[in-house]
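Per-chain numbering from 1; labels A, B and C assigned in written order.
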């Protein structure tokens, strides 16, 4: 009786428990990744490890909510251009050493600061941040490429 | 000494999986096992008995002769992990496409090119 | 300033990624322009080295010197390889402006092509074993992505097989690097060379040499480990096949092998290299006679010619190294030309099985058939083309070292090479034109111009043996290899 006009919207992703826990913990994972990258010159980690952690946070959202939250806002070409911008920024940072007199390619021209502080040890801090950006974009591109393959096949 | 021999045995187990097994995903896992063995050997080479991690803490006086583990293999293993991540990613992408075109994961049936 | 060989292709690849909606022809023109700049820089490097007596140019990255820093070293062998790599890359990039009409998404192709060239340039320039390993892996991944570019089923299977073999070989090399680090506690090539001369543990050096030989033989497709090559080189698009067969097999396999075994470890492996080289020659030559696919035949011919180069390196004399490097140059130029002409034939007729051709294409495509004839006769060793001189030098070097049997086998395999190339030409170009090919046209000018340039290079490369030119181009490279572990002392002096 009146049931044939109703449309059932398909609920993608995993169950409600998984979605709630993912929503709570993704902020903490992102902050931990940024912390690992910022303190790369003092503590373990650095740009690479921080980038992997941030990409893992995004993959957590992708897996628990289904791919619809990404397909509207982010196709893989956007992620690929973020990766290209990251590599370009890294090359520019490393070329800054050439403009000083008698400079080499990957030379350290920033001030070294006082030891054990946050803003210290020269060019390591900016390069950690740029590698964080590029690395997370790269891993996200790889994962989106694998996930979006099914989307094109379905169309 | 036995640690290094166990690393080689792990490498040979990975090589066995790549050569003998017929399922594509098992071959990819075999390449992963070989990579773990090589990274483990690199880290074990830098170890010294009774040494600490290679960090200088805030109030520590740096004396000559304080023993630290070698930090260079740790940097090299980090780069090696990233390289092998990319290799496994492209192999998995190829495996997904091969399954779509051939319909099977058995590598003895995926032999259209002969000669 | 020698890091620009690596930075210019990577920067162009980044710009092509960001502006990938441009018109298709601009992508190809920008790529060719960037590789042209690289080629001009390679010639400037050779002239600068020649003015200096071919002392290596050492660039310290970041200003940190030897035990702590990474060095970029450009000596005679590096300059030779840089000219070869950038020349063939630029010519293949110009050819692919028109050839990639039939494919989708050309910006991905050009980005991967530039990353492949950047990885080759980086591998020959690095003075550090682990740095060279990273560039080799970068080249393997780019080449695998290019082999599977069209995503036809055979191409995916070939790319997967290439990845398995390539990454297993790289893990063997990594094991060798780990044991080298454990023995000498440094990773710089010059430092390792000097330390091994001071204290030599023969059993460990032999084990490390065996690991490196297994890894690099797989990457350069020497006979027991060659199973990936025919599939990979026949499934790739034609300009990529030319790059793979002309450069990848030589740079990632043979260059890395000789640099590590002769300059860094200083091991004595002549018998092994000669034996495997001769077996490669024979097996590659015999298997090529039975092939029916035009690109698979050329791929087996590559295995045979790599056997010649390996045999020449195994002789371990100055003339042997000179002959091996000269044959490397001739084979790279001629085999790229053959792959480009087979690509032109496939572009015009869409056919690749030898039995379905019927012959007679030289009436419709005269220039293509002339350049193809010059290329194949250069590989077979017909005088006065370039391949004749290099094979003659290999046979003379073999006779001078007393290996008469191996020299005789080299001559016999050369006759077998001539036979399958004559068959190739008879089936495709000579004879009567069947009905179905009556409205094909000659290849477009953008595809013809690279083929004509390569054919001219094949014909005049005998002039590289003249005393004025060979003492600036080939002899310094041979001197670096035959100098052995002296490389270490020279570079350490310059890096102070």
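Note that a residue touches a chain if its C-beta (ideal position, glycine included) is under 8 Å from a C-beta of that chain, and two chains touch if they have at least 3 such contacts.
In this text the structure is predicted, and so the values were computed from the model without any measurement.
Here the chain at the heart of the shown protein, by mean C-alpha position, is C.
Should one ask which of A-B and B-C has more C-beta pairs in contact, the pair is B-C.
Centre to centre, using the average C-alpha position, chain A and chain C are separated by 37 Å. Chain B has its Cα centroid 24 Å from the Cα centroid of chain A. With each centre defined as the average position of its C-alpha atoms, the distance from chain B to chain C rounds to 28 Å. Within chain B, contacts with two or more other chains are made by residues 86, 97. Listing the residues of chain C that touch chain B in their complex gives 130, 134, 137, 140-141, 144-145, 148, 151, 153-154, 156-160, 163-164, 167-168, 171, 174-175, 178, 181-182, 187, 230-231, 234-235, 287, 290-293, 296.
Across the complex, chain B meets chain C through its residues 11, 15, 18, 24, 27, 31, 34-35, 38, 41-42, 45, 72-73, 76, 79-80, 83-84, 86-87, 90-91, 94-95, 97-98, 101-102, 110-113, 115. Here chain A touches chain C in the complex through residues 77, 80-81, 83-85, 87-88, 91, 97, 103-108, going by the rule given at the top. Interface residues of chain A facing chain B in the complex, by the touch rule stated above, are 48-49, 116, 142, 145-146, 149, 153.
Interface of chain B with chain A (complex): residues 58, 78, 82, 86, 89, 92-93, 96-97, 100.
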